[in-house]
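The next block holds one structure in the form of structure tokens; read it before the comments.
Which chain is which? They are A, B, C and D, in the order written, and residues in each are numbered from 1.
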Amino acid sequence: MQLWLIPLFPFAGFLVNGFFGRRMSKLAVSLVACGSVLLSFLWVLKTIAALGAPEAAYLEHYYSWIQSGALNIGVDFAVDRLTEVMLLVVTGVGFLIHIYAVGYMAHEGGYYRFFAYFNLFMFFMLILVLGANFLLLFVGWEGVGLCSYLLIGFYFLEKFATDAGNKAFIVNRIGDFGFSLAVFLIALHFGSLDFGRVFSLVKDMPVEARPGWITAICLLLLVGAAGKSAQIPLYVWLPDAMAGPTPVSALIHAATMVTAGVYMITRSAQLYLHSPFALNIVAIIGVATAFLAASIGLVQNDIKKVFAYSTVSQLGYMFLALGCGAFSAGIFHLMTHAFFKALLFLGAGSVIHALSGEQDLRNMGGLAKKIPITCATLFCAGVAIAGVPPFSGFHSKDAILGAAFEYSPWMYWLGVVTAFMTAFYVFRALFLCFFGSYRGHHHPHESPLVMWAPLAVLAALSLGGGYINVPKFLEPMFPLAAESGDDWTVYVSVAAGLGGIALAYLFYVAAPSVPEALAGSLHGLYRLIYNKYFVDELYEEVVVRPVVDGSRTLLWRGADASLIDGAVNGIGRLARGIGGILKFAQNGYIRDYAGWVVLGSIAVVIYMAFHGGAR
Amino acid sequence: MPPLPAVIHGPAPLSWYLILSAVLFALGAAGFLFRRNIITVFMSIELMLNAVNLSFIAFSYKLGRNDGHIFSFFVMVVAAAEAAVGLAIILTVFKNRQTLEIDEVSSLKN
Amino acid sequence: MNFLILSLIKAAVVAFVLMTTLAYLQWIERKVIAHIQLRVGPRRVGPHGLLQPLADVIKLLTKEDLLPSHVNKVFYFLAPFIAVFFALIAISVIPFGTEVNLGPVHTAMQLTDLNIGVLFILGLSGMGVYGVALAGWASNNKYALLGGLRSSAQMISYELPMALAIAAPLLMLNTLSFRQLVEAQSGYYLGFIPRWTIFQGPVPQLVSFILFGIAAFAETNRVPFDLPEAENELVAGFHTEYSSMKFAAFFMAEYANMVTVSCVATLLFLGGWQPLWPAQYGSNFLPTAMFLAGAALCFYHGFHPARSFDRITLPAAGVVFLGIAVVFLIPPVAAVLLPLFWFAAKVGFILFVYIWVRGTLPRFRYDQLMRFAWTFMFPVAVANLFLTGLAVALS
Amino acid sequence: MDSILFLIFAAIAVGCGLNLVLQTHPISSALSLVGVMGSLAVLYLLLGGEFIAMAQLIVYAGAIMVLFIFVIMLLNAGGERRGRKRLWAPWAGAPMVAAIIGIGAYLIQRAAPRTAEVTFGAFQHGNPSDIGTNLFENYVLPFEITSILILIAIVGAIVLARKEIE
């Protein structure tokens, strides 16, 4: 089947663009970049056509990487139904976004650099998805983290961009630390890292056997997932990550990379099923994140920030689904979210492009006539995310909320409120952007074909994508949760979505004066939310400052300067002393040195002759 | 030792190969010690490498596995790299000092 | 012992044929070059100068063998022998045709079928340098030294692309024995496209064939790569100081190398003795037809002679041709001769290209030569090898 | 038959090795080294190492030694002059070498089993396909590393040789 070809194509593209891109024409660069991703997309299609819907994972072993004692880690790729869904989402959406980026980045510097990083990201993402053991997963995990860092700091001349990149990288380090600990624990307890082996071992355990270390593994994995997928408490990096170019936000920070955590937890579902406590934590974190982020999103004025918080909140939804044990629902929402959130970001990018760099909602408005296509596609995404039936968001969100209701009603209600807020802030952004009168001073222009064609495709997907019945497809892996008998839950969530839209319409189209009044009356709450609950400041005080001070005083002055330097200098002095003695043997004649060597060898041979092993 | 004709006609003992390799190695060492021309010294190093290769091959014959062949293959590769760099160094030395006398290149002293 | 006798006989035959070929190759070269330059070429000695090679040999044998006083005697004597030795020994692994069974004798038309024949040839071509380099050094003459230097550098440089070009078809055919190589190239696509390596899938090796050809020119010090013996720069290059038989030795070595390389090219890329189109389309009758045509031509010119003695010689030649044409129709003999014919035809074609190029192309400049080797041929060869490997791995 | 061949080529090898050490002119030493390598190649063949024998011819005799001869010719270096330096190594050299040979031979004779004999064709794993299989299955990493080494060597050689002396 040559699965290795799937990640190989983007990697080749990365090599070509990375090494020769500087000398290649922009056309050539974009052809290489998009072509390579298209090739791997086609190869994915071929693979899936060949495999169909495999009952068991189809595995390919390439090279045994690490062999130490019983532990034997190989470089092997595996494809099962979950992987197929992920592959399709990653390569498909990735390809669309690549095409979009050709138009969006057309006037930017470092064109080839951007696409080299982009391809590299695709490579690592595919490794992450295809890898058949935790170590390969971890390799891809770190790789996408690196690419995300590189791309957030793409405009490395601006300070805020590099700061955002560093923030993302450091926050992710925390998560990755948890993940690596989890991997060590798994290797320790199962003696293997292969998914197949580990999960079969877990499966064989009786369900009531719930050793603490499984919970530990699950929680550590959760830390990693929370870092990568921007969950509480590690979500702070994602909003800042919007400093990168918009296609990056769409591909990495909305569609694919940030969902890696969801994928990872789903992948290790067997482990979680043996630790209800960890599942519960996942659900709580998910719902809390969903609610918090949505509430922050209500008042942001930067269009990309709004969508960023929306991403965090939607990821919260997915975690809620996982926590409720509805893994397939989580993956379902992952897919639909990939569609409409990528669309939202690309649309936002197209708006920004039209306003040549303007991101503040307060300077937009009335763009509906100026950039109709973007407007239309964005509204498609809006209805999709707001969960308006029969569009994609409705199906997945309904699946999640249904599962949540089965799991615990209050989570369901929180989810409903979140759905309401989601609909509200998305449409707030859309109305502010497209309705009313233009408040900016640029001259908006519709985006070129290469940019709106992907928008159109994604719009179609986010409208109709809900009919791809992922839960049914994944049923052999994750049995469906029992359908909740009473379907009033569905009506409630739909009503919440519609209500949100209506309220947004009321506030920002019908009676634009109301929001200010409201913000004035609820001033304290408004400031609290507007400043994102002062979480960043909190972290600054509680985490960053002590670390910095501690390392400055204790580590640097104390340990480094006195201890380590002292030791090093001491060793140096010792060596100089010995050398002073030995230097008399150094007469600078190579042949004499050779003589010493021969003498030594003779000594060895004689030793061998009399007490050596040569008998 | 069996009588001579049998020795001549029969197969050669493995130890002969090993002894030959020892002799060649010693010759290489001797060349290193006696010759003063850098290139010749270099070549005696190659001679030693060859001797070692011979014993590799002989032993892998004894063990019935071809790992020894692979080792000597690597030895050849390394020797090639070494020859490239070493000869380049010799060229530079000659450019600098117009001599190949190894004893006159003794700036390591002090 | 039977094997020993057989091998001795075969060696004798091969040696005789090879020597005559070498001698006449030189005559052919002079003729072809002459016609390219609108001259007549040798025609005094024998009809159309056919006895010229004999005369040359006699001349070279009887010339005085000068021994310059300033040469390094040992290597001066050794060099030509080394050159000839490595040039001639290479022919021993070249198969000329399929097995022959004449009555009790069953043998391959080949001195020995090494299972590492290709490597053997590569090794010998690498050793061939010593003759030239030593000759250049031992002559103790600046032109000769320059010639030797150039040839050693040039041969090292062109070994690489040559080896890489050879590696690609080996990758596809997956053997190192020439006989199996040729057998792996038998058969036809669609019944008429021969499955030679230059046509065979997954990657037709046309590129590496061309690369190999170029590198072969350089390895044999032929125009346009004949810098080691560039007349107008270095009197006669490495064999400036050589005369009479030693000179002849170098000459022979050069031609023997040409023949060997042509044979290798034929075996690796042109399908050895596999006919150009399958037998059912009558490829077996091609030689007969050719010789018949030749005979007809001879008779025609014989009866309208340009010179008086053509009246005798040409019909005689015609009769000979007729005889050969008939011989090619006798089944048991034809079974032996047809492969030989095809092999000889391909080798002859390549040799003709050698001569043709010499008559056409100017000589490289030294830096051009090196840059060409390292910045063009080497990358192309590597890329071709990589592609072939990928294709073989995927198919 | 084997031992005849062995004795012949061992004799050639030792003779050439002696010549390498004794000749004062580098090019004679180089040629005798080529002789050693050639005879060693034949011995490899006797030991069943077809591929390694050919590699010996191609790589060592065909490329490395040609490089040596090329450099010798390029520098046109003459024979050695009398050394003025007083070193202890050359004087102690002869006994040391004798010691190596003696002790080595003694060890080998004692260690190597009398029965172990070399017959041509008894060792079957020396053909290119087996070597390649083993090389690319068990020794991939060393192989790649040597390729890196070669690359470094090329770069280093170029850098060194290009350096202009002013």
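Here is the rule we use: a contact is a pair of C-beta atoms (placed from the backbone, for glycine too) under 8 Å apart; a residue touches a chain by one contact, two chains touch by 3 or more.
As the structure is a prediction and not an experimental result, all values here were calculated from the model.
Colleague: Taking each chain's centre as the mean position of its Cα atoms, how many Å separate chain A from chain D?
Modeller: Each chain reduced to its C-alpha mean, chain A and chain D end up 56 Å apart.
Colleague: So how far apart, in whole Å, are chain B and chain D when each is placed at the average of its C-alpha atoms?
Modeller: 4
Colleague: So, what's the distance in Å between the C-alpha centres of chain C and chain A?
Modeller: 64
Colleague: Calculate how many whole Å lie between the centre of chain C and the centre of chain D, each centre taken as the average of the chain's C-alpha atoms.
Modeller: Centre-to-centre distance between chain C and chain D: 32 Å.
Colleague: Enumerate the residues of chain A that touch no fewer than two other chains.
Modeller: Expected reply: 589, 591, 594-595, 598.
Colleague: Mark out which residues of chain B touch at least two other chains, giving numbers and ranges.
Modeller: 29, 33, 36, 103
Colleague: What topology does the chain touch graph have (line, ring, star, complete, other)?
Modeller: Here the contact pattern is something else, fitting no line, ring, star or complete shape.
Colleague: Chain pairs in touch?
Modeller: Pairwise, the chains that meet the contact rule are A-B, A-D, B-D, C-D.
Colleague: Which chain C residues qualify as touching chain D in the complex?
Modeller: Answer in residue numbers: 75, 115-116, 119-120, 122-127, 129-130, 133-134, 136-137, 145, 148-149, 152-153, 155-156, 159, 163, 176.
Colleague: Which part of chain D faces chain C closely enough to touch in the complex?
Modeller: 27, 31, 34, 50-51, 54-55, 57-58, 61-63, 66-67, 69-70, 73-74, 76, 127-128
Colleague: For a test of understanding, state which residues of chain A touch chain D in their complex under the given definition.
Modeller: 63, 589, 591-592, 594-595, 598-599, 601-602, 605-606, 608-609, 612, 614-615
Colleague: In their complex, what parts of chain B are in touch with chain A?
Modeller: Where chain B meets chain A, its residues are 29, 32-33, 36, 41, 102-103, 105-110.
Colleague: Considering only the defined contacts, which chain D positions touch chain B in the complex?
Modeller: Within the complex, chain D touches chain B at residues 1-4, 6-7, 10, 13-14, 17-18, 20-21, 24, 26, 29-30, 33, 36-37, 40, 43-44, 46-49, 51-52, 55-56, 59-60, 63-64, 67-68, 71-72, 74-75, 77, 80-81, 83-85, 87, 89-90, 93-94, 96-98, 100-101, 104-105, 108-109, 112-114, 116-119, 122-123, 125-126, 130-131, 134-135, 138-139, 142, 146, 149-150, 152-154, 156-158, 160-161, 163, 165.
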